[in-house]
Amino acid sequence: MARKFKTEVDASAILPPREELLATIDRWLAEDIGRGDITTRYMVPAGARAALALNTRHDIVVCGIDIAGAIFMRHVPDCTYRVVAPDGTRAKKGDVLARVNGPAHGLLEAERTALNVLQLLTGIATLTARYADLTKGTGAQLIDTRKTIPGYRHLSKYATVIGGARNHRMRLDDGILLKDNHIAICGGIAEAVARARALTPSLTKIEVECDRLDQVKEALEAGADVILLDNMDAATMKKAAKIVDGRCELEASGGINLETIREKAQSGVDYVSVGRMTQSAPAADIGLDVDIET
Amino acid sequence: MARKFKTEVDASAILPPREELLATIDRWLAEDIGRGDITTRYMVPAGARAALALNTRHDIVVCGIDIAGAIFMRHVPDCTYRVVAPDGTRAKKGDVLARVNGPAHGLLEAERTALNVLQLLTGIATLTARYADLTKGTGAQLIDTRKTIPGYRHLSKYATVIGGARNHRMRLDDGILLKDNHIAICGGIAEAVARARALTPSLTKIEVECDRLDQVKEALEAGADVILLDNMDAATMKKAAKIVDGRCELEASGGINLETIREKAQSGVDYVSVGRMTQSAPAADIGLDVDIET
Amino acid sequence: MARKFKTEVDASAILPPREELLATIDRWLAEDIGRGDITTRYMVPAGARAALALNTRHDIVVCGIDIAGAIFMRHVPDCTYRVVAPDGTRAKKGDVLARVNGPAHGLLEAERTALNVLQLLTGIATLTARYADLTKGTGAQLIDTRKTIPGYRHLSKYATVIGGARNHRMRLDDGILLKDNHIAICGGIAEAVARARALTPSLTKIEVECDRLDQVKEALEAGADVILLDNMDAATMKKAAKIVDGRCELEASGGINLETIREKAQSGVDYVSVGRMTQSAPAADIGLDVDIET
Amino acid sequence: MARKFKTEVDASAILPPREELLATIDRWLAEDIGRGDITTRYMVPAGARAALALNTRHDIVVCGIDIAGAIFMRHVPDCTYRVVAPDGTRAKKGDVLARVNGPAHGLLEAERTALNVLQLLTGIATLTARYADLTKGTGAQLIDTRKTIPGYRHLSKYATVIGGARNHRMRLDDGILLKDNHIAICGGIAEAVARARALTPSLTKIEVECDRLDQVKEALEAGADVILLDNMDAATMKKAAKIVDGRCELEASGGINLETIREKAQSGVDYVSVGRMTQSAPAADIGLDVDIET
Amino acid sequence: MARKFKTEVDASAILPPREELLATIDRWLAEDIGRGDITTRYMVPAGARAALALNTRHDIVVCGIDIAGAIFMRHVPDCTYRVVAPDGTRAKKGDVLARVNGPAHGLLEAERTALNVLQLLTGIATLTARYADLTKGTGAQLIDTRKTIPGYRHLSKYATVIGGARNHRMRLDDGILLKDNHIAICGGIAEAVARARALTPSLTKIEVECDRLDQVKEALEAGADVILLDNMDAATMKKAAKIVDGRCELEASGGINLETIREKAQSGVDYVSVGRMTQSAPAADIGLDVDIET
Amino acid sequence: MARKFKTEVDASAILPPREELLATIDRWLAEDIGRGDITTRYMVPAGARAALALNTRHDIVVCGIDIAGAIFMRHVPDCTYRVVAPDGTRAKKGDVLARVNGPAHGLLEAERTALNVLQLLTGIATLTARYADLTKGTGAQLIDTRKTIPGYRHLSKYATVIGGARNHRMRLDDGILLKDNHIAICGGIAEAVARARALTPSLTKIEVECDRLDQVKEALEAGADVILLDNMDAATMKKAAKIVDGRCELEASGGINLETIREKAQSGVDYVSVGRMTQSAPAADIGLDVDIET
């Protein structure tokens, strides 16, 4: 039986605004359907109805079940869509995820689009959950990156939250991340942070990337809100955590995978960031079958 | 050294129309950049320039190099982008794929979007090429399916052609594919094909899905243009090929993977179709580094 | 009394997708209404209602009655629109085609747009029906062309189907039509067809234009799906039909009008194509009057 | 040789704004081309060029030659388009109207769209010129109506001006036209005109429709800017002209055709309005051929 | 208690078309909300409801109360919005203008946008009413100009009508206003008016700007529909009114403020035009508070 | 002579993205121009050119001079626009701000839109500068609010930066601002902050609104990034600053005007926020005259 962990998180504010999401869905549908599934329209009587169920063929963390529903309901306003396993559910092989019932023409036209996006997002959430499970109890939070499929920034970052991660920044204009060359051009960490502080909206944080411990000290003194520890080993990160001693936040980044994440997460940092969960997660295997229960 | 096989194929007609592609690029860029990379804009002088190179970190079949260029040039009209390894190139680890030179602000803003899409499409083409290599010399052509990431239908199908496959249909309205239930509703294969023939544009083919050999005979007599052999083993497919004897085309479909594709392709069919190359290909690892040659 | 022949054909898959059609209707309405019919808004009380009927002033084949309804309902969501003579009806002078009832302001604002498009489409269907009647019993199907008013491709091709024709291809990317110069450039019919077969989606047909009988033989051997007989007289077309003997399809094209269509359709071809029915059909004379029955 | 009368009229302000026109052209092109003319793209080398000429096959008043050019240049930015016979030219059978030179792929893709719109607009201008010629020397101006193909309001009204007419109003919000029922609802012509005068922008005229001479007097006294004489015979219109005596303008409307227009135009009215020139003009026969001169 | 004067005026035809207004509202909402009020979404339970009231904190002429409602209802389709003081109401400090009740998340997200536009439009109407009050009983009508905040042309001109003014022209293409340089280039007022009369839609008026009384005579003889008296003192304007003697309309324009408007309006002109009411009106102080009555 | 202070600030990242700004400009231009300035088009020869200068008629802080230029160049791509007084310049009465030279038709069509937006933004910057001057040397930074004209969020916040302020947050999704009711619903400041910390992107700050000093202590302990002191007097704010002692940031908000700002800014807070500078600034008086220098 499916168990939920969704109630802890209302991640809807990560999704694109509703109007934008609907416009995206319209483009998705148009891309596959064009002016209609001519096979179905010419063969199946206009009034025919279908009762279908989304089933998973392996163990997953469900993500995108409401998006799949929005696709069906956008294309077939008079269909009924009931979610069985909400986003965040750890579903087992064979579990029914949702049931949809309505005019056959429209449901068959929307099927491929709904499946394609559900398989993609569930794939991301399922892989994220594996990373998140490995950080449990370490004191560090798993965070994501900007390595997302273009057109899927918000949906991908929604999927990582569903999988158990926290977001880093949504896009380039809602966070300051000072790297080597920024600092070099400005003439030092102190100068770079001061310059950022004068221009950035007052509710946006300033993060400084550091490769060495002396830079960590410098960034701390300059008033950085967050320090990114770039490609450091766990031992060095422990020293950084000691230096900072809670006066600003620390993020571990670079080359973190399923083998290394736990050790790095235990080093005393606040965040560990991973790119591949939004870029190379295999699609989940979910099917749409005739619903025998209805 | 990179070797091309692109000259054999001008696949540009598979891409979305230019205006539509530019609109898509605008949405992709907006999603990551918002109103600007505030870090770079506040730190790097407005006039600064950068010279960068796209490098691959493993062996790939390049795909999307012109799309990556279009992204840079759309965001930074006064940059220079030179392709070294055109789409279809089998590039080796360490090869430079393209060089870009221009205003630092804009190039850094467009970097992540360009990389994200290039890594996705190259991943698809690289996996497709593995399947295509396995069908060489069998008389069958590798074809793709509608299992594509929504928003990437045309780009994905372009990537499969670059990887060595042929397209099946682009979307639901440019082909007739009669399945079991269509046929059942119409009262038989003959009736279904006749009905389709009366309504479909005269330049569009009619394909009939068959599970058994008696259906193959029936579809042939009904005048089907293509017969899809669904989940048949190689031996049965050979019998189907014998029955049809060139009077219509045959497609092998269902459960085809890297292990089974060659045997199925050798059974006498015209096409073998594979879904997972557009759905679960891992992203290629390609980076954008300071260009030391310039 | 109006007689229907619509039930034979569900041509809705020829229409543009619903979202696209609504966007088109919005542009049409905006073009005529701007910010409102200021005369009516300033003179007629906001709550006034009107009951109106669409009447034809001569014999027609109705086409666009649902589009006209969509225009009224898009602009006046709370109106009632009842179709009396569905698309395909052969209506007589004086017949009521539809009744509309609702807020006077909105109905009067939408009236001109609804009439203008209904008169256009009915004009096309009515002229097409004259051509279609002349091909009855000949074994050939009447097909249309790409000579449509820009912005009306799908609506025009819908109107020809309603009038009794079949579509050829919808646009340039869903069919291959090899002409003289394509063949010359490729170095012969065989080469051109082979090239097309390697690149075109597997469900799309390849048509070859031929001026002479020796070309017809060549195209047949090359494996063309359809052969277009360009500007041939009926006697030559009969010889072509004999040569082909059912192994591929034949289309008669060029200079076909109301005088010549029957003879050409009787020559043994599968299709006869006519351009002027979508380009020069006079608008039907349909009016919107106060509905005396209600 | 072609003779121009265009220099008298700069009708460009009747066309839609440039950005809107380009968006319309984009939709037109997309409708016919989709993702490309696959026949040409697969057969003709990417670098091939073409030199083509637009020729008329009968006597016409040219209209849309710049729109046709805009279509070619929009789709093929690097083509050269030279107008030989500008809009308004009375061209003879066989005259070259324009020459276009550039990449073959793009020109062949844009050809059908350019021809379709040029044939439509030239058809309208040619028919309008017949009406305009019949009003010459009568003191009345030929004006058009709102009976235009939806999507072509501005282009149609541009074509009527090119053909020699003047526009009436562009859409419902830039003129007041008080009809019977407006007047009835308001309680009389005087009340209706007063009400309109209080609400309408001060630079917009108020026109009143009259069926009888006593209404003409009433409208004149109420301060109407224009009086529409609805379906009156020439004799009655002469009496109306006498009554008004230059104190406001007069428009003859209703049932005006090529037989009746001259007599009505001679009755002393300022305007005669005709609907069918924008609704039922046959398409001009214009072709695009290889340009032998270049 | 609030008193209405709205019933005299149905100014809805001045607003942008509904579809356009909704698109504008969508942009406004997106600008402030982005992907959501993350504070509220993370803190307030999804099912929570709110009952709120719009209150004015000083005396105003209400304008935009339906626009504010449209904003709430667009973002929160299942809220209830009841107008207490319709547009045109002279509301007193402390008056409730409207009540809104519905899901807390959405109402709080839409609040700022609704308030910002209501405060702007009410500011314009309130200032306009001061000018309008000063013209009462003078025989002249207060009219507005094109000095409006870009993006607010129609809303601003709606607000001036609500405040008691009449519109001049809506935009550059629905009126002819001949100025010095136009006339100089054409070679005189008579020539300029004649040229305009040949080209302008027959329902559009022609206005001529005059600095001196001899120009007024010339414009009258040329058949101008309206004469604009530019920066004349009241005495000169009286002379102009005497010359014209009702044969065309007169507009006083230039440097008209709260001190000078009454004298100028009494000079016998038909219109006095004022720009600053749409450009520099201070925002009204209106708040959204918890509704204690509900 | 104009003096600049712009070089200190590159505020371009506050503006909307270029494509979005151009789309906005297109809407602005369409709103005023429609299909063209018919007066100018019918009177002024198509080839005529104009040389014009933007002049200020009182002392201002220039803002929007590049936007005005973008408007001219968008509508008239072949015009020349030279900025004399860049954004941030404190210009004196009579100073030339920019010169524009090009085709007369287009420049006259764009004039009103360019002036309207320049007058609005310069008005905001000029008023902001008065507030900013009053905070100089106090240690506090002037910040803005979300009280902006809808459609002008980014342009208004750009104008406040040009006038000398810093932005607060750009919109609801890029900052957490916990108010009374949020805290009440969550069960206390500590709980609310903890909840926000789990869900908000890691680079976004959390601000807590406090009315009393005990709340300030609580928020500090909960780990708030910023504390908003709501409607406190200067003395209380000083106590708050003492409590916090640099461990988090402080913002003074509520009822701050030109009289009170300096005292509040001197209380030890980091920020003082003011709403009216973006809502009620009078439009600057800037004209476009014939350029006598050219």
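Each chain carries a letter (A, B, C, D, E and F) given by its place in the written order, and its residues are counted from 1.
In this section, a residue touches a chain if its C-beta (ideal position, glycine included) is under 8 Å from a C-beta of that chain, and two chains touch if they have at least 3 such contacts.
Nothing here was measured: the structure is a model prediction, and the numbers come from that model.
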- Message: Going by the touch criterion stated earlier, list every chain that contacts subunit A and also contacts subunit F.
- Response: B, E
- Query: What chain is the most remote from subunit C, judged by the mean position of CA atoms in each chain?
  - Reply: F
- Message: From the centre of subunit A, which other chain's Cα mean sits the farthest off?
- Response: D
- For A-F, find its twin among B-F, C-D or D-E: the pair where over half of the contact pairs carry the same residue numbers. D-E
- Query: Are the two sides of the subunit B and subunit F contact the same residues or different ones, given that same means over half of the numbers occur on both copies?
  - Reply: different
- Message: With centres defined as the mean C-alpha position, give me the subunit B-subunit D separation in Å.
- Response: 47
- Query: In whole angstrom, how far does the Cα centroid of subunit B sit from the Cα centroid of subunit E?
  - Reply: 55
- Query: What whole-Å value do you get for the distance between subunit B and subunit C if each is reduced to the mean of its CA atoms?
  - Reply: 33
- Query: Listing for subunit C: what residues touch at least two other chains?
  - Reply: 10, 13, 33-38, 42, 154, 170, 173-177, 199
- Should the pattern of chain-chain touching be classed as line, ring, star, complete or other? other
- Spell out all pairs of chains that touch, sorted by label. A-B, A-C, A-E, A-F, B-C, B-D, B-F, C-D, C-E, D-E, D-F, E-F
- Task: Give every residue of subunit F touching subunit E within the complex, in rising order.
- Result: 24, 27-28, 31-40, 42-45, 48, 109, 112-113, 116-117, 119-120, 123, 146-154, 171-179, 181-183, 185-186, 192, 195-196, 199-200, 276, 279-280, 282-283
- Query: Can you list the residues on subunit D that touch subunit F in the complex?
  - Reply: 10, 12-17, 19-20, 154, 170
- Item | In the complex with subunit A, residue positions of subunit E that touch it | 26, 29-30, 33-38, 41-42, 46
- Task: Give every residue of subunit E touching subunit D within the complex, in rising order.
- Result: 9-11, 13, 141, 143, 161, 166-170, 173-177, 198-199, 201-205, 207, 225-226, 249, 251, 270-271
